[in-house]
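One chain, chain A, appears in both complexes that follow, with chain B as partner in the first and chain C in the second.
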Partner chain A sequence: MKRFHDFHPIVTFSYYIGALTLFIMLLHPVFLAAGFLLILAIHYMDDRCRGLQRWFFFMLTTGLFVLVLNPVFNERGMNLLFTVGSHRVTLEAVVYGGMSGISIIGIMAVFVSYNVVMSPNKLLFLFAKVLPRFAVLLMLTLRFIPLMRKRLTEIGDVQVSKGLSVREGTLKERGKNAMGHIQVLLTYSLEEALQTADSMKARGYGYSGRSSYQHFVIKRSDIAALLYMFVLLAILAYGRLHGYGWLEIYPVMEAFTFPRKEAVLLAAHCLFIGFPLIVETGEYISWRILN
Partner chain B sequence: MQRRSITAPVILIFVLAALLIASAWFTDHYILMSFAVLAAGLLFMLVRFESRKMEVGELVIIAVIAAIASVGRIPFAGIPGAQPTTFVIIVSGVVFGAETGFMVGGVAALASNMVLGQGPWTPWQMAVWGLIGIISGLLRNRRFMQNKWGRILFGAVCGYFFGAIMNIWGLYAAGGPAGTLSTKMVLSYFGASLLFDSFHAISNALFLLVFGDIFIKILTRFKGKYGLLQ
Partner chain C sequence: MAYIELKNVTFSYPDANQPAVKNLSLTVEKGSFTLLFGSSGSGKSTLLRLLKKEIEPNGSFSGEVLIDGEPTSETGGGKVGFVFQDPENQVVADTVLHELVFGLENMGLKTAEMRNRVAEMVHFFGAEPLLHRKVEELSGGKKQQMNLASVLLMQPEILLLDEPTAQLDPVSAREFTNMLVRLNEEFGMTIIVAEHRLEDFMGVAGKVVMMERGEAIFAGPPEECMEALWKSEKRAFIPSLPAFFMSVGGKGRVPLNVRDARKWFTSSDISVTGKAAGNKKSQAKSQTVLTVENVQFSYEKEGATILKGLDFSVEKGSFYTMLGGNGSGKSTFLKIIAGIHAPQKGKVTLNGTRLKRLKREEIASAIGYLPQNPKLFFLHDTVGKELESTAEKWGKDFEDAFAIAKRLGIDHLLASHPYDVSGGEIQKAALACILLRSPQILLLDEPTKGLDAVSKKELAKLLLECKSEGKIILMATHDVEFAAKYANRCGMMFQGIITSESPPETFFKGSFFYTTMIQKLFRQVDGGEAVTVEEAVRQCSADPLQPRSS
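Moving on, here comes the complex of A and B:
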């Protein structure tokens, strides 16, 4: 998904925020199923669902858990499916559980895709616009995480040469040695931190009036994409406020009809969630034609 | 400490009041409302952090401590509960105060999730770890927090506190507003998480018992030596 990755971070970020909101707001079986299938298609197009596989088990168990939880604890509803002992299992509870389940799985799938497309670099770029100091803090922390790991192995090597290992000896000895490691890491890193700070100061961190290199530039296609998403979201918000894209379950489950206005809304929903797919297919076609 | 403007707190109160009124209206959207409340609270703290006068060294030290908290989390990611993150946050709150405690907690959650994978749980973790930092910072001058066993007890309580807040998000995700959240369901959900929360509480207590004093000593010494984050 080269083209979608190349959009300005504000575009990709808005897409993910919008997609999450849609999965939370439009609790309607058809909308949820369509949205979920589109997200799966996006994952397939992106990396043949490889990123999703890591989360597959977690997503499946969470979805099933939510699906089962509702009928188990909720006896409300008029359409009785069956009874277990004195426990009523109603159609309402099952439908509600199913919708919550797909909603939560869909949200997770959106996040998995987010983790692939929105690299920390892009998020930091967005933060730096609004919260510059927080962005620096986050960037420093992200840089220190691998540094700490490296230092911890270094410290371990030195300590082993002194005969202090965390792998040998009794549990008490190992615990004591591990404590020594962490202690060294803490003092070592704190002292080093001040050097980092001095070097930052020497390079002029915090002086106003300095400009910085902008890696991401807003292009015309980014503005077009933002407009596209904004219009679709406006249509969806309008429809949702008028009661479409939402299956009423309590107090009385509405009859399962699908009026034409709802179909229009579904189209807008699919166009929004499927935005990366549209971009990719468009690029694919133009590539074929140009060649 | 410089005087703070009251604009931000006033805006926060207005936003929360507006959300409260909106939640009476849109009774269907627990999870969306809860995210809005989280966003308001986190943004408030971040804006406060931005407007505070600060040395570069202080910034880097917060980053170092947050990185140590995050690094501790990553190897333990498979074991629910047992992780030194909460312990590091409590200690930094005790030594450096509430605001630094919050920043360490929030940044550790966000940064470690950039390695482990972001999810809908990220803002909740930021909020709960930030809160633990704030609370330990606010209570640091109380007598029981000066005492080692008092801190250990506090750490254990924090384990359950963390679990309780994270359960709320799980409940909002699982049961909806439409009457599904019965007392029975809430109780069984909390009951199910009790084991993991106990692991967390025990590991916090153990970390505070073994590492607590020396960590506090090192950080306090550092604070005094360079006059940072007073």
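Moving on, here comes the complex of A and C:
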């Protein structure tokens, strides 16, 4: 997914926002299933689903949980499937639960991909222009989290050599030692942060208006991508407002038909979610032709 | 006309008994390279900070600081760049590029302008491959270069550096120093640097200023300074080459680097006659206390192996120094001996018992570990409380603790916060806590890092005392001069094993880079086998002037 990674952050950011919106707004089994399959394909193309594997169990359980929970608590609906004791399990509830389940795991899959593609750098870049102070804060946080973790390990190491371990002794002793470590970490980090503050001041922080170094430039392909996504989103929004791409369940479940207009909308949906795939395939073909 | 001018500057911190800078007058020419030195707490940092308005310390100030004829309070510090001591703490951003442009963004420059400057600077430093790396992945030396680059991007006319190489290993420090020399020579940048690492800087500075208790007690060319110091009691500050020159009563210009020293030496009528080794008796084999056999270790399961089948043993009463580059595994090795990490393979035996069979407390009572950063050692907010709790944990009286503190000369610091005392003092405070446990083995990780000449001497004295009590001292260090002077055994760590091991006399003789200045001077002299100044002096005079200090 090299080409997609290389887009201007505003493009990737818009894509993910759009994809999330679609997964939330278009609650229709066909749309959801198509979207989910495309996201899986994107993951496969990016890293053979390796990033997704870590979340696989969590996603599966959450999906199943939602699927099961809805019929358990929701008895509304006309089409009775079966009854357990006095509990009615309706088709509406099952379908609704299924759709919510796919929607949620779809959203999670989108987020996993977002995390891979939108590096903190890109996010920082997006916010640096609008909220410069926030950007500095974010930058410092990004730096300090690993730093604090490293320091805490170092403190632990040194204290172990003194015979004070957080892994041995009674619970009370361990707790006391751990609190001690945190205290040292905080005092030490504050002390060191004074030097960071000096270094920031010495480089003129907070004296005049801050600008931001942009290492991303908007190119024509970025504008084209933005236009492409905007047009598709406009079509989808129009369709959604006219009642397509959405399965009505309550009060009365609509008959499961798939009119032509809905098919057009589905195409737009797939073209939007599948945007990274299209970009990559295009890149691959042009690469093959050129070489 | 002088470019930077200080007139009768006096400055004191609030609640301080004495002024940090006292009635100091100094002039610095444009395009000069000035070295500030003196023991810790002599006011070097304060003086530097007074030259940069943004980080001026708070306190009472009198006198005048003029840069280019204008007082700093009016011009601001835009012309002045400042690099701090700790490579880690001055970093703001998580990637190299963000860090580099931090200052430029603060100036509100346009992107195009920033790009130009960054492109140029990256080229100058040859740092292109590092640009998108995370800051944590860089070594200390590279980090410090990045900090320098970030300051240089703002195009200062004056560069102030507060002990910039104190935390670096000698190779990186050398590289950093050369960078400064290049900036000074090629771009005429005015540089003022405060440092303890005089071996490197004395030879490159055009002017040196020695400070003591806030006063500049000497200011002038380094050669004259060496002569003046030799006549005073502050000989500890003289690097080994000029010290040798003056010990044998050399004539002419004081040599500050190996080239000049060799020129002087060959033209002089000094001949190598005596034996270097003096009357050092070869140590009788004594009892082996600690053995390490075939130890393998890596931090992560899939990660790189740090120690690869290391064998090692140390006898009672040894002073062992371990040398080796960054990342060769010295620190890791010390941590394994201290029982902090358990090796994946191999065994560590202490007095015949496997280390892993011992309880944490048993290990701690036999082995004391002083980390590279002694600040992490303290859990309590005063030195006294830390000593007290150590005494309590190990069943000692507070009198014992006080006696040790007194012996180490830190009894006046018991009420101070450990972070408020100097680098040498905090180290002694940590050592006091360790010695209270009366361990058999002392492990020290880079104990001479950032110490001034006087503190180093005191540390050596203390360690030699411990050694004479029969304790084993095992230290990892980059400080070749220190190792040559005080150790009785040196080992070279390379790629996870100890590749060579011998007494310092023979150890350094074979090395080319990893050796002392004196050895570099004597390498091509027939019969020259001296490694330290004392040995050199002894070799060059028929009857030994002073016995070797060990």
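Convention: the second predicted complex is superposed on the first by the 278 of 291 C-alpha atoms of A that agree within 3 Å, B and C clash if a C-alpha of one lies under 4 Å from a C-alpha of the other, contacts with A are read in each partner's own complex, and residues count from 1 in each chain.
Keep this in mind: a residue touches a chain if its C-beta (ideal position, glycine included) is under 8 Å from a C-beta of that chain, and two chains touch if they have at least 3 such contacts.
Treat the numbers as computed from the prediction; the structure is a model and nothing was measured.
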item: Touching partner for A:Phe73 - first (chain B), second (chain C), both, neither; value: first
item: Which of chain B and chain C A:Gln214 touches, first, second, both or neither; value: second
item: First, second, both or neither for A:Leu137, with chain B first and chain C second; value: first
item: First (chain B), second (chain C), both or neither touched by A:Gly175; value: first
item: First (chain B), second (chain C), both or neither touched by A:Ile249; value: first
item: First, second, both or neither for A:Gln159, with chain B first and chain C second; value: second
item: First (chain B), second (chain C), both or neither touched by A:Tyr205; value: both
item: Chain B versus chain C as contact partner of A:Arg50, first or second or both or neither; value: neither
item: Partner chain in contact with A:Leu147 - chain B first, chain C second, else both or neither; value: both
item: Touching both chain B and chain C, residues of chain A; value: 120, 136, 140, 142, 147, 183, 187, 193, 196, 198, 200-201, 205-206
item: Chain C to chain A touching residues, read off their complex; value: 52, 54-55, 77-78, 81-82, 84, 86, 88-95, 97-98, 101-111, 114-115, 118, 135-136, 147, 150-151, 154, 335, 338-340, 360-361, 363-365, 367-369, 371, 373, 375-379, 381, 390, 393, 419, 433
item: Parts of chain A lying in touch with chain B, wherever the complex brings them together; value: 20-21, 24-25, 27, 55, 65-66, 69-70, 73-74, 76, 93, 96, 100, 104, 107-108, 111-112, 114-115, 120, 123, 131-134, 136-138, 140-142, 144-145, 147-149, 152, 175, 179, 182-183, 185-187, 189-190, 193-194, 196-198, 200-201, 205-206, 249-250
item: Contact set on chain A toward chain C in their complex; value: 120-121, 124, 136, 139-140, 142-143, 146-147, 150-151, 154-155, 157-165, 168, 180-181, 183-184, 187-188, 191-193, 195-196, 198-215
item: Complex interface listing, chain B residues touching chain A; value: 29, 31-32, 46-47, 49-50, 54-57, 59-64, 66-68, 70-71, 74, 103, 107-108, 110-112, 114-115, 117-120, 173-176, 178-180, 182, 184-185, 188, 210-211, 214-215, 218-219, 222, 226
